[in-house]
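Below are two complexes that have subunit A in common, paired first with subunit B and then with subunit C.
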Partner chain A sequence: MPADAPVSKRLQRSAGSIGGFVVVTLLTFIGLLAITFFIGRVVPIDPVLSVVGDRATQEQYDAAKIALGLDRPLVMQFFSYVGDVFQGDLGRSISTNRDVAADLTRVFPATLEMATLGIIIGVGLGVPLGVYAAARQGSWVDQIIRVFALLGYSVPAFWLGLVGLAVFYAGLGWVSGPGRVDIFYEGLVPARTGLMLVDAALAGDWDVFWNALDHLGLPAAILGFFSLAYIARMTRSFMLDQLGQEYVTTARVKGVPEWRVIWGHAFRPIRVPLITVIGLSYAALLEGSVMIETVFSWPGIGNYLTVALLNADMNAVLGATLVIGAVFILINKLSDVLYRVLDPRSR
Partner chain B sequence: MTTRQWLLADSPSSKLQANLGRGYRMMHALLRNPLAVVGMVILLVLIFAAAFAPWIAPYSPIGQNLGERLLPPSFEHWMGTDELGRDIFSRVVYGARITLMIVALVAVISAPMGLLIGAIAGYFGGWTDRILMGVTDVFLSMPKLILALAFVAALGPGIENAIIAIAITAWPAYARIARAETMTFRNSEFISAMRLLGASHARIITGHVLPLCTSSMIVRVTLDMAGIILTAAGLGFLGLGAQPPLPEWGAMISRGRTFILDQWWVATMPGFAIILVSLGFCFLGDGLRDVLDPKQGGKS
Partner chain C sequence: MTLLSVENLRVSFPTPSGPVEVVKGLSFDLGRERLGIVGESGSGKSMTGRAILRLIRSPGHQIADKMEFDGIDLQNRSERQMRQLRGARISMVMQDPKFSLNPVMTIGAQIAEALRVHEKLPRRAVRARVLEMLEAVRINDPERVMKLYPHEVSGGMGQRVMIAMMLIPQPDLLIADEPTSALDVSVQAQVLDLIDELVREKGMGLILISHDLNLVARYCDRIMVMNAGRVVETCAADDLHKAQHPYTQGLLAAVPRMEETRDELPVLDRSQWSGT
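== the complex of A and B ==
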């Protein structure tokens, strides 16, 4: 499409692609609901038992069976399930005895905080390292990134978390241990956003802020390591593609300084694909946080999910799965659409 | 004519000779790639450890000896002992059996499943394709670990259920690859010729489409193995996979969690085994990709 096409036409196209994006996202979300419905109602031998738990009395069991509508055909059950979910009703948790939706809104910010700091670490270190590795192919930075990338694929996150605790908390005493803040700081600042750092800053309580950061540092750094490994490797490979192009040679021949060739010429076109990479690794961090949260007793959605798993608390498991899946899908589709909007070739 | 010449013959006289010749050339190319060789050695060690565990392991993997609990690594106990006085090295060696079993079963279940679904979608096209790929995409857009966790929650903890759950999350990637491969040759002449000869769809798919998809499938499965091992270990760590006293590596790390601050070896040692084996699969997968799929090679 020529660059001087009328603006209205371009807007129309991006509106069309956004419309398509909404439809595809909705369809994928319905598919996700079908999967969680299938897991909750079809896979277990006795779905009632998996919801009420095996300590329930006969009356509770019968009441739950009717409340779940298990006497109705499967299709009808699915429709009412979808209706419930869209109204924000995810059922009750048998272990906390609260609405799963309320539980999830309470725990989600903790995960968001950790994953966000993780991705900041991953992008902040990964992109420059990747660019440097491509510019100095074969240098020690390049070698380190190769090793990091391999380790990112083969080191279990929970193991790294445990080793991190043993080395940096028990051994060196550089960071604080598990949990979000030390016990005597708990509940000092009012929870406005649920993000401990933001809440503490809003309340102006810097002691709590630094303590929370101290607790957050290690788990976020470990999450950040996994995204760093991926982001650096992808940045390096994108950069190598660009540096091999003729326009880079032209710029060099013209006498443009090397740092400008790299950041001003070669780096510009890779920003768009990098957005997709960063989006994907952000979504992957939400997944990775499940293991890390368990190790660090971090009261986020991953910890909630694993506690629910161990108690066979099916409503809570499916609710958490649904929320993580929905966020995952949303981030994926959003980075897809951003790519299309930003990359002139794909218009 | 030497064996080598027979294997490398330009015009093989039998199907067997052609296949053997191809295998020989691949092996040759693979052996020139140092990382692939390292990967192969690691996997051979894994298979060897699994096969001969009773002869390699100096102690019983489940026999308790409370007088020797939580001993640090020493000459008698290379990796120390755990909280029940069991030799960690012996347990790691026996754990190779469990890891190998998980990996093999997941591959055996999910690869053919993905292959078949992808080949059917690509071969028939139209609505079959749209529906099958729609389902595939929904599974692909879900985080794998979470999906596996939810399935295990519904099925109940245990190693068989963990394998089923991982296989359910692994097939969609293979279906995508198989479909893409099938699309490239669904309209080619040899398929039309088979149809004219009166071969049924089932026969064309199983006899002619599937074999052509296998090489890219093998590459992908090998590369995925590291992820599968990590997921299985994660399930074990959460207490949803292999149950005690089975010496599964993830479950062993979970047991050692309590002692991580003082007796670090209980949790760390099995982790090294996981890393080593995952690395082995990564190396071999990269090497195989360079050999079997040269268009993708050298990019990463």
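== the complex of A and C ==
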């Protein structure tokens, strides 16, 4: 890329790439809509039956079918569904009897808050541990980190959640128990973002803030541990690969201190694959961990989706799937943008 | 005057069937002259270069009776003291610029780093030195090249960048480890001429490691022929054709010449010098 290209040309090019980016994202999203919609119609669940119940008469059944618009051809149904989605209408949930969109704006932030804190813990600890293990390959520190990471792969989430609660809540009393805040703090701060910590901070209510953090800490740490295990393992293997490269020897020949050889030279190229790894584990956390949300009575999207599935509540299932899919698309696109920033070869 | 003195250098690597020595008791003295080390692949010549910088990585192991550079005992230096020597006093040009330059750092930043780890200089002075150095290695438009990444330059240019990076802190000894074997024949001579010129200009010592006898004979004063971790013969470059040792003679006989046609190149008869 010539660095001295005229500014207007560079602007033009970046405007072009932003335009292409929007179009591609939109197309991917419509593809996602199509897939979720058709899967939703193919599954052997009769949406009419789940509304009217199995004791309804044939007339009631037909009336409900027309009211739901299910008598129209599938393609027409799809187009009106896409139209509705773009207007923010995801239909009504039959299990909560509220708009799915409203439900999702309530449950998704709960998951988002937990997943975000979890991934911060996972990246904040996982990356340095992985780098350190690679730099000291074969040492006892490396062995401990590897065993620790292996635990993160093999321990079931619900077990760790229960043991965590038993030890740190029931036993030691270091953290608060299940739920997002203690019951007498509930509804004290207006839900502006749905993120309890942000809402409390915005309202300036620090009691609620610390209480919410107290509740969030343990489940987020457990989620963080699982992503840490994955991130540390991947970081370690990426780093080992880079540390064997010739340019690392070049840096040592120049007399560069070892910590800078590791962080300034070998770590730089692995940021690109690491972004993929981190993006994927963040997206996995945002799907909502049903186990952790159940153990901690966390009103998140994983819980919501499970309940909806068990109740054959197709609107809620489709809505939640859509949100999760959109999150995946967004994170993938974001990774693409970061690649270009971090790797000059991909520009 | 002796710049580097090595006595009984041994480099070994552990294997499941016991340690394997790749350098077996190497001794030589080097002044401010140009020494060529020749040998086939696996003869231990590259490991010798790295051992001088004490860059044999674990699990490899190096040991010597004496390794002295300009009156400094290299063996007793701490890792930190070694770092002060690396780059600043002893430097090494690596083989293939495609792999030996950091792919995600600009050329300017990589050259500047080599200077900055050894000298505290204001940003502007560093930049001026980098530009000056790039010009010294005959790079046109150094302002532009500074901002490029390694994948954006050719192999020959990459190697000139490498040379600039290794010479910018003005070392006394340059080890060139097969500096041209990854390059096209047409640019090999350019790069070697450049190394030769800069080394002479600054009165540095040079160790040129190569498997190419003719090349080493042309650019060096003295030649050391290595085989299986040992020196088999040392001679002045001009006397290479008078070499005594059967291994050297065998290598010389295997060099193809322009004016002749041979159906078959001779094969080394190893039984002549090794016991097996």
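What we mean here is this: the second predicted complex is superposed on the first by the 285 of 347 C-alpha atoms of A that agree within 3 Å, B and C clash if a C-alpha of one lies under 4 Å from a C-alpha of the other, contacts with A are read in each partner's own complex, and residues count from 1 in each chain.
The definition used in the following text is that a contact is a pair of C-beta atoms (placed from the backbone, for glycine too) under 8 Å apart; a residue touches a chain by one contact, two chains touch by 3 or more.
No experiment lies behind these values; they were computed from the predicted model shown.
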*Would you sort A:268 into first (subunit B), second (subunit C), both or neither based on which partner it touches?*
second
Of subunit B and subunit C, the partner touching more residues of subunit A is B
Exercise for review: Examine A:256 and indicate which partner it touches, taking first as subunit B and second as subunit C; both and neither are also allowed.
Suggested key: second
Practice prompt. Check whether A:166 is in contact with subunit B, with subunit C, with both or with neither, and answer first, second, both or neither.
Written response: first
For A:158, select first, second, both or neither according to whether it touches subunit B, subunit C, the two together, or no partner. first
Contact-wise, after the overlay, does A:245 reach subunit B, subunit C, both or neither (first, second, both, neither)? second
*asked:* Looking at A:233 after the superposition, I want to know if it touches subunit B, subunit C, both of them or none. Which is it: first, second, both, neither?
replied: first
So the subunit A residues that subunit B and subunit C both touch are none
In the complex, subunit B touches subunit A at residues 134-135, 137-139, 141-147, 149-155, 226-227, 230, 233-234, 237-240, 250, 253, 256-257, 260-261, 264, 267-268, 271, 274-275, 278-279, 282, 299-300
Given the complex, residues on subunit C that touch subunit A span 50, 53, 55, 79, 83-88, 91-92, 94-96, 99-106, 113-114, 117-118, 144, 147, 149, 151-152, 162, 165-166, 169
Interface with subunit B, subunit A side, in the complex: residues 27-28, 31-32, 34-36, 39-40, 43-44, 50, 149-151, 153-159, 162-163, 165-166, 169-170, 233, 237, 283-284, 286-287, 290-291, 294-295, 305-306, 308-310, 312, 314, 317-318, 320-321, 324-325, 328-329, 332
Within the complex, subunit C is touched by subunit A residues 1, 3-4, 245-247, 249-258, 265, 268-269, 342-345
